[in-house]
Each structure stands twice: as C-alpha cells, then as structure tokens.
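What follows is a group of structures, each given as structure tokens.
Each of the two complexes below includes chain A, the first together with chain B, the second together with chain C.
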Partner chain A sequence: MKFTLKILKDFPAYLWSGWGAIASILLFIALWDMGNQIYGNLVLPSPLETFQTLIAMLGDESVIAEIKTTLYRASIGFGISLVVGTTFGLLAGFFATASMMSRPIVTILVGMPPIAWIVLAMIWFGMGDETVIFTVIVASFPIIFVGSLQGTRTLDGDLKEMARSFKLPWHMKFFDVYFPHIFSYVFPAWVSGLGMAWKIVVMAELLATSDGIGASLAVARSQLDTPTALALVVIMISSLMFVEYIILEPIKREVELWRS
Partner chain B sequence: MEKLEVKNLNHHFGFTEILRDINFTLNKGQVLSVVGPSGGGKTTLLHLCAGLLDVEEGSATNTFVSSSFAFQDARLLPWKNVIDNIALGLLAAGEKKRVAIEKSKKIALEFGLEEDDFDKFPKDLSGGMRQRVSFARALVVKPSLLFLDEPFSALDIGLKKELQSILIEMISKKEISILFITHDLMEAIRLSDEILLLKADPGHIVKKFSYDLAQNQRDDEYVYAQSAKILQDKEIITTFELEIK
Partner chain C sequence: MEQEKLRATNHYLYYPDEKDIPAYLAYGFRPVFLLLAPYMIITMILWGLVWAGIINLPFMNDTLTWHVYEMIFGILTAGSLAFLTTGIPELFPGMVPFVGKRLKYIIMLWVAGRVSFWLIDYLGVYIVAALNLAMLLWLIWYAKDAVLDKLQRHASLGYALVGIFVIQTWFFASQAGLASTDGMTILKAALGAIVVLILLALRRVNMEAVNELMEDKGIDDIYLSRPPKTNLAVFAVILFTLVELLYPQNSALGWLGLATGAAILAITGDYILKDEFILNQPFVLYLASILVMLSAGYALMGWALLDDKMDSINHFRHFITSGGVGLAYLVVMIIIGWIHTGRHLTSNIYTHLMIILMIVATLMRSLIPFFEEYMSELYLWSSIVWTIPFMIYIKVFYSFLLSPRADGIKG
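Moving on to the complex of A and B:
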C-alpha cells in the first residue's frame, strides 16, 4: 500500500522528466514528414494523414473489435507464459540439476525462429486463436523462464547465512531476503516478455488468422492502403509505449531504487 | 547457568580435516577469543558453534537464551534502508514492528549514525557506516551471546576503537558473552578473558592464555605490554610464522 502511494507520489515528477522523450518523438515525426515529401503519399503517407486515418479507425467499432481480439490473444498467451515461466524458472533455479538440464532446452526455444513456430502451430492447430496464443507463449516463455531462473540462481549465499544466523522465520526469509532479489530479475524479464508477446501476436495473426490487428494489416497490404497500415503500426507502438513507460517503468524505478 | 560447551569437536570438508579435537567452555559474561592464522578453521569453528554448520563429530552445546552474529563483511540487505536492516533481527524474534523501528532508531543514534542516514540504502553508505549498521543489527536484539567473525578487520582505527569501547562497556556490565574470532592479537588482548590459539592443518588448540584485569581497565600500555609478551611465546611464533613460509 505504502509502496503504491510512493509510486503515485513520484509519478508527476516522472512524467515531467519525459519532455526529452517527447521532443525526440516529435523530431522523429518531423523526419517522417520529410520522407513523405520526398517519396509521396503511396510509399509513405504523411503523419497528418496517418493520424487522421487513425482517429477515423478508432471511431469505428469493427476496428475496436479487432484490437480487442489481438489484446485478448496477447494477454492470454503472455499470462500463461508469465505464470508458467516464472514458476518453472523458480523451481529450476532451486535445483542445480534442473537448471543444468533446462539450459539447452531454453537455447533451443530461443534459437528457433518464431516464424517456424507459426508454421508448425498452423499445422497443429489450424487457423485460429490457438495458433496465435501458442506462438506467443513459445516466444515469450523462454525470456521469462531465464529471468526467473537467473534470479533464483544468483541468490547471495552470504545473505542466506545471515538470515539463518538471525533465525528468520520462513515468511521473512521469503519476503525480505529471497523475493526482492528474485523480483529484481523477474520483473525486467516480464517487461521484455511482454514486448515480445506484443510483436509476435501481430506476426502470427498476419499469417494465421482472419481477424485481429495482424489480419487487418494483411488486408491493408493487399489493398495497398498504406495510411491504414501505418495507423495500425501506430496503434501497436503507442499501446506498447503506454504500457511500458506509463505503467511498468515507474514501478521498475521504485522497485530498483536500492540498486547501485 | 548459560554456557557454550564444545567437546571433542572434529570437522571435515570432504576428505580434508579442518578441525581436530576442539574443547572449550564459554561461560556467561565471559569473552573468549580464538586466534590463529587465516585459513586455520576459525570461521568454521564459529559457524559450528553458531549452528550455521551442522556438527558432525563431537558436540557444541549452546544454552544461551539468545545469540546473534556479526560478520566480517556487513551483509546488509541491499533493498532495505538502514533502520529496516537493523530491525531485521528484532522482527525475526517476534517484536512488534513499531517497537522494533523505535529500538533500531535509538541504537542507530548510539552507534554514530545520523537521522539523515536512516532512509538510505546500503549502496549509499560508506564501508564503515555499513559495519556500524551491521553491529547495531547484531546488538539491538540484546543477545546473551555474541558471535564475532573478525568484524573489525576492514575498519579504520578510529571506528575500530569506537565499536570496541561499546563492547567493552557491555562486557563490564556483564550484559554479554562473546565468542570472538580474529587474527589480530592486540584486538584479542583488549577484549578477551581467555584466548585460545588455533594452529592450522588441521585446526587444533595448542595453547590458552588468560587475562584477569577487567576490560574497562585495560589501557593501551597494558595491551602493548601483553602483546609484546605474547609475541615472544614459542607457540605463537610457530603458529603464525608457518604462514609466512
């Protein structure tokens, strides 16, 4: 509770520190507009046109439904990865054999290109939700698993000994000694896992489904509707930026205040 | 009567013999030092006595009602501020949060920390300050027995004296018993009622020295004189010089 309040209290100062970021985004948009003036509307629509299309799209219920579909798939996939990845990572971290055995498997999972997973998933599950969700899980699971494994493996033996010398009860051992350390590894892994999930969900949709943002992107491509394609990209990026900079980053800052 | 009694204690790590046939008794209100060269098994002995390692052969019976441990390095929790670090032992002993914080603040001030430091994380403290916090954490629980694992070795002379005089005051009030591990003979002479000399490979006790003068009456002269005397002891020479070779 105290923690949440502190995050909220520091939030305005955090936002205020974002002017530099906003300036750089505006500069990027200026470059984009320059690109439009050089290459013309078909190749690169102007930012103005893109944002106008975007606003029109956001007023359209069918587009909102597509966004919701994508959001649903990404959250289910990411949610499963988060729970399963964190749990297995912790378990593997506590047992030396398990962490040794899991390493090559993680390498395989990380090394396998997501596009290959999509093809396999299309064969296994057909065209639909399952294929997309499966791909999202497979892509974000190893990131979260490794983060959680590292967190557990790197627990400081000296601190464990200190905890034992003060005869800390198990709940204090967990919440005061283990948890903050593990969390400082797991949380960044969740953030990168989320980024990965959000990218993969669109890619999988583009190839394997007929609805969602990815599918809309495929339609825009076939109709050479560049403004719509770009507007969709803007939706993707701005939603990711919102989650990352407005929600996760302030939490991360508070959580990692103790780090040097 | 509270005491720590070690009988016929042997210890191995794998096939390496670390400690052989250790015997001693530490009574309430006493300060017992174990001196010896580094790598001689001193820390292992301390860990066995404190229950951080399991005794395999022989026994180490601790009947003191409470104990705490001050390590060579501070071992503070990096994600907790100064006060929360000090309060850790109190909370573990079941003290109410508010009382624990209050006691911690009080002892922090006694140990030369300032109110500005209370909310700092260990990363923002100097090495000496960290050691103060670590000491405060060990002493705030008012332990009946204190285990000290060379806690002064990384400190400058001023801070070393300051922390030692806090201990000496507690010793002269008979508030505390101490099992003290060090390789610094002068430190041992300043604080101890009894010094055990631990020779390495495997660690075994070769000699015992006793000091009767009350700790708060030992001045520098006394410590220097006794150190000079002890340094001429044959066992001391062989035990420590073996290391140099």
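Moving on to the complex of A and C:
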C-alpha cells in the first residue's frame, strides 16, 4: 500500500521528466519529415499526414476491433509466458542441475527465428488465434525464463545466511531479502518480453491471420497505402511506449531504488 | 554578519584601489540597471505608439526591422555588460572587478550606441554599426578569460557572444547593402543565438540563485542544473534557427519548433529535487517562467507552421522576445539587485507584480492572432503593461543601486 502511494506520489515528477524524451522523439519526427520531402509521399508519407490518417482510423470502429483482436492475442500470449516463464525460471534457478540443463534448451528457443515458429505453428494450428498466440509465447517465454532464472540463481548466499541467523520470519525473509533482488531481475525481463510479444504478434498476424493489426498492415501493403501502414506502426509503437513508460517504468524505478 | 559576507563576495579581495568611486559605478551592474530600466520604459512606450499608428518614426523606411534590431542587440549589450562584469569576477576569483572610471567609459560607449541608433536617419548606418559593434567587441574582449580558461567551464558563453557578433556584423552589412540577405531573416537568427546565450547563462544563474535561496531558507537539498538538458535545448534551438534561416516555411521546421519547446521545458525538470519541494519558492517560479515562456514560443511557432498559420508565427515569437528574453533580463536584474547589493534574495508583492505583469503583457502581445479585432489596442497596451515592471524596478531597486552594499563590503 505504502509502495503504491509512493509510486503515485512520484508519478507527476516522473511524467514531467519525460519532456526531454518527447523532445528527442519530435526531433526524430522532424527527420522523418525531411525524409518525406526527399523521397516523396508514396515512399514515406509526411508525419502530419500519418497522424491525420491515424486520427481518422481511431474514429473508425472496424479499426478499433482490429486493435482489440491484436491486443487480445498479445496479452494472452504474453500472460501465459509471464506466468509459466516466471514460475519455471524461478524454480530452475534454485537448482544448479536444472539451470545447467535448461540453458542449452533456452539457447535453442532463442536462436530459432520466430518466422520459423510461425511456419510450424501454421502447420500445427492452421490460420487463427492459436498460431499467433503460440508464436508470441515461444518468442517471449525464453526471455522471461532466463531473467527469472538469473534472479534466483544470483541470490546472495551471505544474505541468506544473515536472514537465517537473525531468525527473520518468513514474510520478512521474502519481502525484504529475496523479493527486491529477484524482482530487479524478473521485472526487466518482463519488460523485454512484453516488447518482444508486441513485435511478434504483428508479424504473426501479417502472415497467419485475416484480422488484427498485422493483417491490416498486409492489406495496406497490397494497396500501397503507406499512410495507413505507418499509422498502424504508430499505434503499435505508441501503445508499447504507453505500457512501458507510463505503467512499467515508474514501478521499476521504485523497485530498484535500493540499488543506488 | 559572517553569514552575510558569504554571498557574492569572491571579488572582494581583488577590488581595485581607485579612490572615490561613486556608488553607481561601484560594480558593473549598477550603472547598467540604472540606465536600462528607464530606457526600456521610454523606448517600449515609443514602439507601442508606433505600432498602434499614433506616431511615425522613419528608421531608413524600415521601422519594423530596426525595432527588432534595438530590442535584440541594444538591450542585449547592456544585459551582457551587467552580467559579465558582475559574474566573471565572482566565477574567476582573482580577476579585478571592472569598476569606476573604466566602467564609466564603457557605459558611455553603450549610451553613444543608443543615441546613434535613434538618430540613424541623420548619422547613417556606418556610424551606428561602428559604435554598436565596438560595444559587443569590447564585451567579447572582456569575456576572453572565460573563453581561454583551461577548464573551459564557462567558455560557451564566450563562443555564443562571438556568434552574436558575427550575426550583428552580417546584419549591418545587409543594411548597408553589402550583403543580400534580408535584415529580418538575420535578426531571427540573432534571436536564436540570444536564446542560446540565455539558456547558457540561465544555467549558471539557476545554480547560484536556487542554491542560495535554499541555503537562506534552510532547505536541506541540492539543486543541480544538469548540462545535458541545457545542451539538448541549445542543440534544438540552434537546429531550429538554422533551418528557419535556410528554409523558413518548411514543415520539418514545425516539428523542430515543437521539439525545441519540449527540450526547453525539460530543463524545468531540474527544479524537482530528490527530497525537498521547492516549486513553492517564488524565485524558482520566476526562473521557471523564463523557460516556460521560451518553450511556449517555440512550441506555438511549430504549431503555427504545421497548421499553415504563417501570419501567427511572428506574434508567437513574442513569447520568446517579450516573454522569455524580457523575463530573463528582469529576473536577473532582480536577483543581482538583491544579492550583489549585499542583501538577501527577497520576494515580495513588488517582485511578484513585476513577473506577473510581464507575463500578462507577453500574453497580450503574443496571442493577438486569437483576438485580431483588438489588434491595435493590444499592440499599445501590451507595450505599456510590459513597461510597468521596470517602473516598479526603479521604485524598489534604485535606492539600492545608488547606495553602497548593505553588508558594508566594496562593490
């Protein structure tokens, strides 16, 4: 409770510190505008046109439905990875044998190109939700698994010793000794896993489904409708940035305060 | 008493031996502020009358360009004179403060520059150019120690001044027919250079003033004005200025304007300290208002460019000139007026009024595009309201400027 209040109290200051980031994004948009002037509207529509398209799209109910479909797939896939990856990762970290054994398997999972997974999933599940969700899971699971594994693997033995010799009650042992350490590994892994899920969902949809943002992107491509394609990209990027910087980053900052 | 002597006294040990220095020449800022406040009042009312169409000044048949020239360079040289002669001996202990007779001659050079400016129709552009460029050249020469300093701590100020000198020379060349660029275009570039100078100077003023204030009030925290934030803002301003110089109507300039606005606003993030809350301190708000005004100017210009409202751009630019730059001068005049006359940094109803009135005047002037039916009234009244802070300044600070330091030390 105290923790949540602290996050809320620091939130306005955190939000205000974002002006520098907004400035650099706007500088990047200026560069994009230059690209538009050099290469023309077909290759790279102007940022203004893209944003106007975006606003028009957000007023369109069918587009909102596509966004919801994509969000649903991404969150189911990411949610499963999060629960399964974290649980197994944390457990594996406690046992040296399990960590040793799981490492090469994770390397295989990470090393396998997501596009190959999509092909396999299309064969296994056909064209639909399952294919996309499966691809999201296999792409984000290893990242979360490895992060969680590192979290328990690197627990400081001396601290464990100390907690034992002071006879700390189990809840103090967990919340004050283990949790901050583990969380500082797990949380960044969740953030990268989420980023991965967000990217993979669009790619899987583009290849394997007829609805969702990815499918809309495929339609925009076939019609050479670059403003719509870019507007879709903007939707994906801004929703990811919203989740990452407005929701997750403030939590991460509070959690990692102990490091400094 | 010991505590009193700590503030702004680095120059003390090296104060020159000159006999009988009158109080108004005892330190660089004194004569400048004594002259600048009435000069602002008189000339701004004159300009207001000109823009409202009540009086007519010829100025080589280009009143607008010369109005901008004077508001930019005429005032800048005075402001820099006060800032540098007051600041450098404090920043570089060991440097002999610039006071007395020598100060008087330089002040006379500035006054000559102003007189020549108002008589330009009789004297011709070359005399005005010579006097005004000489003034700026002297300032650069005076700031040379800062530029040549081994650690380069404050060198950027010197480089900015050199840039402004080049731009001013270019301007006079164009007015004398030696360069083909339109005068107003050059003045816009000059404004960009001045905003850079102000951002650089403000970082130093912020550090000194805010920490001083916190020490005074017993607020136990430290304020750091972080160079990367200022540098990002400076970079954005330079980029905006260059692109505006080369492609004034380009849509990328619109995004650059928005970016510059955000980058300048980012500097205010430094006022949010780790432990203590200082945004309720009036001087912090005064200083922040400078940044907010500059930021609003660039952001609104950017918006106008993107929204194809070209006519509004120069109105919005007054957020930068009347607002940001004007407040920068005013706030520095107030801060130096207290601290360097041996007093505590104090805020009262007068200082509040000065800042608020200047912001009100800026809003009246800059938001004309939204109230076009009152255009000529707003031109006139915004100028008048803008001068009131300087009238209050005369009332509050003239006695300080004309008498020795309250803590009894020299300077």
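Keep in mind that, in the parts below, the second predicted complex is superposed on the first by the 260 of 260 C-alpha atoms of A that agree within 3 Å, B and C clash if a C-alpha of one lies under 4 Å from a C-alpha of the other, contacts with A are read in each partner's own complex, and residues count from 1 in each chain.
One rule holds for everything that comes next: contacts are C-beta pairs under 8 Å (C-beta built on N, C-alpha and C of every residue); 3 or more make two chains touch, one makes a residue touch a chain.
All values reported here derive from a predicted model rather than from experimental measurement.
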For this session: Please indicate which partner A:47 is in contact with in the superposed arrangement: first for chain B, second for chain C, both, or neither.
Result: second
Exercise. Given the touch rule stated above, what does A:191 touch, chain B (first), chain C (second), both, or neither?
Worked result: neither
For this session: Look at A:177 in the shared chain and tell me whether it touches chain B only, chain C only, both, or neither; answer first, second, both or neither.
Result: first
Exercise. In the superposed arrangement, does A:161 touch chain B (first), chain C (second), both or neither?
Worked result: first
Exercise. Which holds for A:24: it touches chain B only (first), chain C only (second), both, or neither?
Worked result: second
For this session: Would you check which partner chain A:229 touches, where first means chain B only, second means chain C only, and both and neither mean what they say?
Result: neither
Exercise. Looking at the overlay, what does A:146 touch: chain B (first), chain C (second), both, or neither?
Worked result: neither
Problem set entry | On chain A, positions contacted by chain B and by chain C | none
For this session: Can you check the complex and tell me which residues of chain A touch chain B?
Result: 158-159, 161-162, 164-169, 172, 176-177, 180-181, 184, 257-260
Seminar exercise, completed: As the complex stands, chain C meets chain A at residues 229, 232-233, 236, 239, 250-256, 258-260, 262-263, 265-266, 268-269, 272, 306
Exercise. How about chain A: which of its residues touch chain C in the complex?
Worked result: 13, 16-17, 19-20, 22-24, 26-27, 29-31, 33-34, 37, 46-48
Exercise. What part of chain B is in contact with chain A in the complex they form?
Worked result: 50, 52, 68-69, 71, 73, 75, 77-80, 88-89, 91-93, 121-123, 141, 147
